[in-house]
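Right after this note come the structures.
What follows is a pair of complexes built around chain A, which joins chain B in one and chain C in the other.
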Partner chain A sequence: MQLVSTEASPAPDLSFAHFLAGLAGMGAAGILLAWQPEALLTRWHPAALAAVHLFALAGLMPVMLGALLQFVPVACGLALPRWPRLDWLILSALLAGAYALAGGFLFADPAWLLTAGLLLAASLLSFLTKLIRALWQQRLQAALPAALRRNALAFAATVLLGLSLIGVMRFGWALPFLQLVDWHAQWGLIGWIGGLIISVSSVVVPMFHVSAHYPKHWEQATRSLPLLLLTGGLASLAGWSTLAQLCTALLALLCLAFGLLTGLRVVEARRGERDAFHWGWLAVAALSSGLALLGLLASLASDPRWGLAFGVLALTGLGGGTISVMLYRIVPFLIWLHWQRANKARARLPLLHQIVPERAQRAQLLADFGASLVLTTAAFVPVLVLPGAALLAASKLVQLSLLARAMHAYRQRLALLHTLPPRVRPAAGNP
Partner chain B sequence: MSSPDFVTYLTTDHRHCDEQLGALRRSAIGGDWQAASAAFEALRHDILAHFAAEEEVLFPAFEASSGMTCGPTAVMRMEHEEARELLLDLAEAIAAQETDGVRGYGEALLILLQQHNMKEENILYPMAQQGLGPRVGELSAQIVLRRET
Partner chain C sequence: METLDVRGLPPPEPFERIMAALDVLPAGEALEVLIHREPFPLYDWLRERGWAWTAKREDFSGYEQFRLHIAAAGKTS
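Coming up: the complex of A and B.
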C-alpha cells in the first residue's frame, strides 16, 4: 500500500490550469446565453445545448478533474498516475472537444460533433483510466474511496451515453434518442456532479467546519444513488411510471437530506469563523434543498419549464456554486503550502485569507449564487435570461481574475523564496 | 482498567485539538486575549504531546514491523514539523495580539492538520494496527502514557 502526502500530489500548476480553464468555460457559457437569451425557452434550443455543454464540459469538468488530482492522493492516500505531457494534452483535448461540441450544436454541423466526440472520448476516457487505476488498484475499504469508485462509474456512464448520442446524431445509430438524452443528463447531473459533491462534502464539511460527521446511515443511503438512477431509467424505458416516479422521489429525498445535513453542520460549526467559506457552504446547503423540491416538481408537472429550471439550478447553483466556494479554499491553501515549504528563510508570508481578499470572495460568491437564482427564475420569466447570464459571466470572470492574480503572485514569490538564505528558528519541541 | 485502542484514542485526540483551535480563534476574534492565550497554551501542549506519542512510540513500532523507514512515517514527521512552525507563528501573533495573524495562521494550521489527520486515520493507523497484530494492546498503553505525560 502506498501512502502519499500533499508533497507527492501533482505540482499545483496543472491543477491551477484546470481551474482557470474551467472558470473561463463557465464564463463563456454565460456570455453565450447573454448573446442568445432566447436559448432558455426550450432545452432543445441549439444555444441552450451549446451553453449547457460549455458549462459542464469546459467549465465544471476541468475544475473537478483538477481538484481530483489534488484530492485523491491526500484524502485516499492513492497516487494518481502522473503522465507529465499527457496530462496537459488531456486538458487541451477536453477543452477543444467541449468548444467543438458547443460549435457543433450552435451551427448544427455534424463534422464538429464528430471531432468533438473524438477529442472528448480521448481526453475523458484517458482521465477515467487514470482514476479507475488508482481507485481499483488498491481496494481500500474506507468509505471515501468506495464512494469515489461509484462516482467514477457514473462519470463513465455519462461519457458513454454522450458518445452514443453523438453516434445517433452523426451516424444515425438506431437507439432511443430521447431516452438516451434523459439518461445522459441524469447520470451527468445527479450521478457524476451530484455524487461527487456528496462524496467530497462528507469529508470536507466536517473537517473544514469542525463539525459532526455525517451520520452512518447517510453514507449507506448515498450508496443507493446509482441504483436509483439505473432503476428509474429502466422503469421509464419500460413505461412503469409509478416505479420511475418513486425513484425520482427517493432521489429528491436524498438531495433534501444532503441540504439539511450539510446546513446543520455548517450552522453548528466550531471553527470560529463566519467568513465567505462559511456563508458559501450555507448557500450550497440551501440550494440543495431547493433543488430537491424543483426535481420533484419537474417529475410531477407536465410543464417542461420545471425541468429546465431544475437543470439550470443543478448546473449553475449546486455544480458551479459549490466549485466557486471550494476554489477559495483549495487555491489559497495550495499557494500557501508551497510557499511555506520553500520558505527556508522563514520570511513573513501573506496570511491565508489575504491571498485572495476575503471581501472580494464574498462579493463574487453573492453575484455567483444570485446569478444562479435569477437564471433559474428565468425559466418562467424569459426577460431575466439576459441579466442572469450577464451576471453569471461577470461573476465567473471576476473569480478567474482573482485566482489568476493569486497564482501570478504565487510564482513571483516562490521564485524569490528560492533565492533567500535559510534562517534557523528556535524549535517548538515536544513537551 | 485497560487502555483504549490507540486508533480510537488518537482519532479522538485529533477532534479534541480541532475543538481547542476553534476555541482559540473564537476568543481572539472576540478580543479576549487572556482566554486566547490560555486556549493556545492548552492547544500547543496537546498537539506537541500528541506528536511526541506518535514520533516516539507509534512510528518506531510501525517502522520496525513494516520495515519502512522512509515511507509514510517520514511524510508524517515532515508534516509535524510544518505544524510546529505554525505554532510558533501563532504564538507570535497571540503575543502581539494580532487578530488577523491568529485568523490566518489558525486557518492554515486547521487545513494542514485536517489533511494530515485524514492520512493518519485512513491509512497509517489501520496499517499499523494490522502490522502490529497482538502487540496493539501493549502499544496502545504506551501511546496513552506518552500522550498524557
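Coming up: the complex of A and C.
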C-alpha cells in the first residue's frame, strides 16, 4: 500500500470532497440563521456562536484545506504528503467536530463541546502537521512559501486559542475568557482567513486576470500582519489602548490597500473578458475596502453592532465570497488538468470556461454577495436576518449543485478517456 | 530549436500551446518555452508522456520567468 504520495498535481477527489462539504457547511449556517433569526441580536447568542462556527469550521475551513492540498503543489512545487485513508479521516473528524461544536453552543451541552474539541484538535493539528512539514521541510526563499508559512502560523494560533476556549468552558481553566475570544476571532478572521486570501490572491489575480503583479512593497507590508495582531492583542491585554488602536488602524490600512490593489489589477486586466470571474473579483476588492472602514468604525464606536457587522462581512463576504469566486476557477482548472493527464488519445475536450456555465456562476455570485450585504445590514436592521440568511443558504446550495454536476461530468469523461487507445505519433516523447 | 513564448497568457493557454507544439515537434527536436511561472502541473503531464525537461529561472525586469527545455526522455542537453 502506498502510504505517502508527493505528486505535483495530486488527484482532485479529496479536494472536491472538501469543497462540497464546505459549501454544505456554509449552507447549513445560513439555514440555522434563517431558523433562529434572533441570533444576530448579539454575538453571544447561542445560535450566533453555532452559526459562526458552522460557517467557519464546517464551511470555510474544508474549502481552504482542500484548496491548499492542490494550491501548494501547483503554485510552490511543494507537495503536501498524502495519507490516503488518514486524509479522509481528517476531513470526517473536521466535519463531525464542527457540527458537534455548533450543537454544543446551540444546546449549551459541555459534553458536545468536549467531543468537538477532541475531534477538531485531532483533525486540524494533523492537517497542520502536514502543512508545516511541506512548508518548512524545504525552506524555499520565494515570497509565496514564506507567506504560506505565516498563514500556517496564524492557523495554528487560531486552533490553539479555540482549544483553550473549550478548556475554559468545559474545565474552567483560569484564562482571560473575553480576551481569548477576541484573539481567537482576530487570528482566525484576519490572520488565517485574511492572510490566506492575500497569499493566494498574489498568485491567482495576476495569473488569471493577466494583470501586473502586486508591488514588491505590498508583499513586504503583508509580512507585518501577524506582528500587528500579536502587538495589538498584547497591548489590549495590558490596557495600552493607544497602541492597540494603532495596530487596528494599520490592519485596516492593509485591508484597504488589498482592496485597492486588487481592484486596480482587475480593472486593468489584459484578459478583457467581463465575466463572473471579473465581477466576482471586483466585488472582493470592494468588500475588502468596505471591510477596512467597518473594522475601523467597530474599534472606535461603543455600539457593539458595528463589531457584529464587521464579523458578518468578514466571514460571509470576504471569506465566503472570495472562496465562491475562487472555486469557479479552482474546480474547472483541476477538472481540465486531470482530463488532460488522462487524455492519452488527445481527444477534443471541453474548454475551461465551459465546465461550469458562466451565466449560472454570475447569478450565484450575485446572490452570494447580496446575501452577505443584507446580513451585514441586518446587524442594524434585525428584520433582514431571515431573508439574508435564506439567500445565503440558497446561494451556497446552488453553488454546491453546480460544482457537484461539474465533478460528476469529470468522473464520467475521465472513465471514458481511460478506455480510449493512446494516440500514436512517431515523433512524440512516448517511448 | 523552436522557441515558444507563452508569457502573459492566462491559464490554461500556456499548457495548451505547449501540448500542441509537442504534438507536432519533429522527432529528435527539442522545444524551448518561455513562461512567466514555473508550470508545476505541466511536469506530471510531460513525465507521463515520456518527455524530459530542464527549467531555468531568469530575471525579467525585476520579475522571474522560466526557460524550459523539453525533449524526448534521454535526449535533453
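Going forward, the second predicted complex is superposed on the first by the 415 of 431 C-alpha atoms of A that agree within 3 Å, B and C clash if a C-alpha of one lies under 4 Å from a C-alpha of the other, contacts with A are read in each partner's own complex, and residues count from 1 in each chain.
We adopt the following convention: a residue touches a chain if its C-beta (ideal position, glycine included) is under 8 Å from a C-beta of that chain, and two chains touch if they have at least 3 such contacts.
Since the model is a prediction, treat every value here as computed from it, not as a measurement.
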{"item": "Touching partner for A:240 - first (chain B), second (chain C), both, neither", "value": "neither"}
{"item": "Chain C versus chain B, contacts on chain A by residue", "value": "B"}
{"item": "First, second, both or neither for A:35, with chain B first and chain C second", "value": "neither"}
{"item": "Which of chain B and chain C A:218 touches, first, second, both or neither", "value": "neither"}
{"item": "First (chain B), second (chain C), both or neither touched by A:74", "value": "both"}
{"item": "Touched partner set for A:144, first chain B, second chain C, both or neither", "value": "first"}
{"item": "Which superposed partner A:354 touches (first chain B, second chain C, both, neither)", "value": "first"}
{"item": "First (chain B), second (chain C), both or neither touched by A:270", "value": "both"}
{"item": "Chain A positions touched by chain B in one structure and by chain C in the second", "value": "7-8, 74-77, 207-208, 210, 270-271, 333, 336-337, 340-341, 346, 352, 425-431"}
{"item": "Contacting residues of chain C [partner chain A, same complex]", "value": "8-12, 15, 19, 22-29, 37-38, 40-41, 43-46, 48-52, 62-63, 71-73"}
{"item": "Complex contacts: residues of chain A adjacent to chain C", "value": "7-9, 73-77, 207-210, 213, 216, 270-271, 333, 336-337, 340-341, 344, 346, 352, 425-431"}
{"item": "Complex contacts: residues of chain A adjacent to chain B", "value": "1, 3-8, 74-77, 140, 142, 144, 203, 207-208, 210, 270-273, 329, 333, 336-337, 340-341, 346, 351-354, 425-431"}
{"item": "Touching residues (chain side chain B, partner chain A) in the complex", "value": "18-19, 21-26, 29, 44-45, 48-49, 51-52, 55-56, 71-72, 75, 78-79, 82, 84-85, 87-88, 91, 100-101, 103-108, 110-112, 114-115, 118-119, 122-124, 127, 149"}
